[in-house]
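Take this structure, written in structure tokens, and hold onto it; I'll ask about it next.
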């Protein structure tokens, strides 16, 4: 799994990065990848993946987020995509724990002090699994009905350092999952 | 996913419960299941799944453990088995966190104060995925080269209550993974 | 598998209900489902799934039909979709047999007295299998080259009762298929 | 799909024919196949596939049966094996209907006048799907707790002709399932 | 696998033949197929499959090519599509070897005397694998930065005969691959 | 894909190396691998994979061979195993061509001057694909009904160098197959 942390520019997320081969088309990265970048979030309705959100006419917006776009080409299944998503979220909670921040994970959502820190979606394309995770840097520009919080408000000021630590943690987690899957014999 | 918590008897784990349909053969439970039980652990060499352990001639033993045997029949893959295993371990850490116990997860191992609390393996049969997790109740009967700890030593005295809480937590986690996998549209 | 029988309104079928997640988008039903409803049938060319029909410039029309839209998320394959479709059609013939109606099944078509009672298609989306079955209530508005018949003409007057009986029969059939798949050990 | 109807000899069924490649090992038939033969039935416990039967200590016996051993190499899944099994059973009921015999299908069992005519099992090997269907020729040598009936008792005297008709009907059914799976475009 | 060699007309290749069911829509060929035809090549940008080419703004053009469009419905995977593509290219090199032409295969490209003879792409649709191979008849109308060669320049004058020989060779190769996959037992 | 060329010792091939995880159990190599070694060949009947050979009571023997054991964990299918096997054989013919040796490939067999140079088998385990290729070093100890030839007889004296060249060529071929599978968008 290749990890790219984009530091030299901001990239806004409008939902289109969830399409297959986004990392290859934009950065020339072949195969399993995590791209971490920072930018606004404003998901266009036609790019929304969560039908529950579509049915509820939800808006998905934030002025400043750290984004993770993960693509995994191993045999695609929505169940695996959803399981990996929850595992990545749990790992991010562990990374936040290293900052002595107490989190509460509810499926694919991260809460700190009952405030929502993150958004996430996981799905499949016909050739891959795609996961987006967004973490608020500041709780600005977020739909008013969401009680949100951002990294800066919980004490993480060095966003670049957090992008590196968390990106590397997600990469290491996936590689552990993969490695362990190769060292076990099958059972009857 | 059906959850069975065996309270009326002890069941020793010798590794054979990792075979497919163990829950159906022994308890009549069809389909996805978690069986939680308590008993000794002494894995016979011929039942060992982890080839790394086999190569290292490791012993897998404990006098008293809480065991989780999980079987999932959705399309079997070692990668999904390994991802779900890590997610279940992360969930158990969160359950322990509710007891104000600080854990460190290293892949599929749980540590408390640098001492090993658990063992785990995940693999596939030709029809299902199988995961075993064992948590020491007391750090007794464990190979001497392992610096181990048990639930009682970290303050969890009511083992039955822990079996119920943790069993329900794992079941809820899987059902959330499954539900989320069904509510997303695919992407291009 | 969830069964919804729509009784409070008519829904016309233009072919678009064959798309994935139609039941979730329209009725909030997650996962495997059968939706039974009544309405006109006029399949738009751009929604036609059967390339044989497209090549033959066939029209698919009827003024009044009972429709079944089935979606199954277990690992999608066109072969399984096609096998389940034939099984559902056979089941519908058995339901009609309970009314002492003698049917002739030809693959996915039901005939009564050499007249065509039904239409059907089965295919996959990237995340699910989708089956449509339509049964004429009356043989009206059907392309003139089709020698058709409807439920009312073969003695079934209580259409709502038939919708319930047949919907429940299809649901029970699928659940039997699923249950049996979980209780067998694999063979060498 | 190749069809072989063994007429020149009797073959007893002890359950071992359910293993993969049985038709290739014994008759040189490569790929998808149906082998129809006649002989006793006495399934050894170690060959039993249905864990429900194993749990109930059931005996599976009959002095004289028509047997169908079906192997399908298209992507193996227990769900597809189970769906095809039910479809083949439904087809056999239709064949019996052509003899004006009224049948009642209950999943994978055929009943005539509330008496059990058949046994069946469907499962997977790591490379294929395997289905066994057995139809009593006469209700002899069957466990006493089973209220059974045979082909001869319901008026089918020409067993060879029935073997041919039914074998060809199953083959045609599978080929229709396969053909239809190839002529449909996928849906969104 | 069905083989169609189109001799009575020229068909230009603009990339759209890479879509699923092209052979069925255009020639009524169901299932696995190879269609061999001759015509210009000018792949429209919106039909380009190779993202590497898209990123490099490559043009894919030739005035006169022999084209092979292969579709295989056995369980689709990009890895299998890519492996079969390379095997088909190796087979074409062997066919050229029968003309005493010395080729150099570089993945999915054929070179003769360091000049490029062919283009190729392999991918999946949601229901099938699709491969296109194009072999220059003459090195005309090819992007100037490509050092190309054509069949006529290396001594193959009878293009129809080559279309037949090579088409039959590819069909035989696939059928050997398929047959061998059916005659092996699985291993532990 | 990891490549190991065993130079410091001979390893005899009795067929058991075809089992899954052989490279990990014996050399600690995790994941996709090619192990190249030299030794006798005498396949025990119980390890034979090719049922055609079993049916013909063939012996598989040679006094001195270069062996390739390839294991690939990407989604196992017998069709992909068989396709990769033919591609690897074609690649070995190309390597031999670099020595100016003219070969004739017949599926998975290599002939030089109508004499058989190699043996090969490809199959699946429940977790991987396994391929064995054996190339005679000298045509000794081979069943008398086989008209065989060895590397030394066709002019390749430096066996270690050939093991390295061919091992690297197979590894490069697989990596090209894999890489190309990741850089193409899917088609409709």
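Each chain carries a letter (A, B, C, D, E and F) given by its place in the written order, and its residues are counted from 1.
Note that a contact is a pair of C-beta atoms (placed from the backbone, for glycine too) under 8 Å apart; a residue touches a chain by one contact, two chains touch by 3 or more.
What you see is a predicted model; the values in this text were computed from it and never measured.
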item	value
Subunit C and subunit A - chains in contact with each	B, E
Equivalent interface positions on subunit C and subunit E, same or different at half	different
When subunit A is superposed on subunit E by its C-alpha atoms, the rotation angle in degrees, nearest 5	120
Result of counting contacting C-beta pairs for A-F and E-F, higher pair	E-F
Chain pair among A-F, B-D or E-F whose interface repeats that of B-F, sharing over half of the contact pairs by residue number	B-D
Centre-to-centre distance between subunit E and subunit D (centres being mean Cα positions), rounded to whole Å	42
CA centroid of subunit C to CA centroid of subunit D, Å	27
Centre distance in Å when subunit D and subunit F are each reduced to the mean of their C-alpha atoms	40
Subunit F residues counted as touching two or more neighbouring chains	20-21, 24, 51, 73-75, 77-78, 124-127, 182-183, 185-186
Chain pairs in mutual contact under the definition given at the outset	A-B, A-C, A-E, A-F, B-C, B-D, B-F, C-D, C-E, D-E, D-F, E-F
Residue ranges of subunit E touching subunit C (in the complex, touch as defined)	21, 24-25, 28, 73, 75, 126-127
Residues of subunit E defined as touching subunit F within the complex	18-20, 49-52, 74-75, 77-87, 90-91, 94, 105, 107-108, 121-126, 130, 173, 176-178, 180-188
Footprint of subunit E on subunit D - complex, ascending	20-21, 24, 30-31, 73-75, 125-127, 179, 182-183, 185-186
Complex interface listing, subunit B residues touching subunit F	51, 54-55, 77-78, 124-126
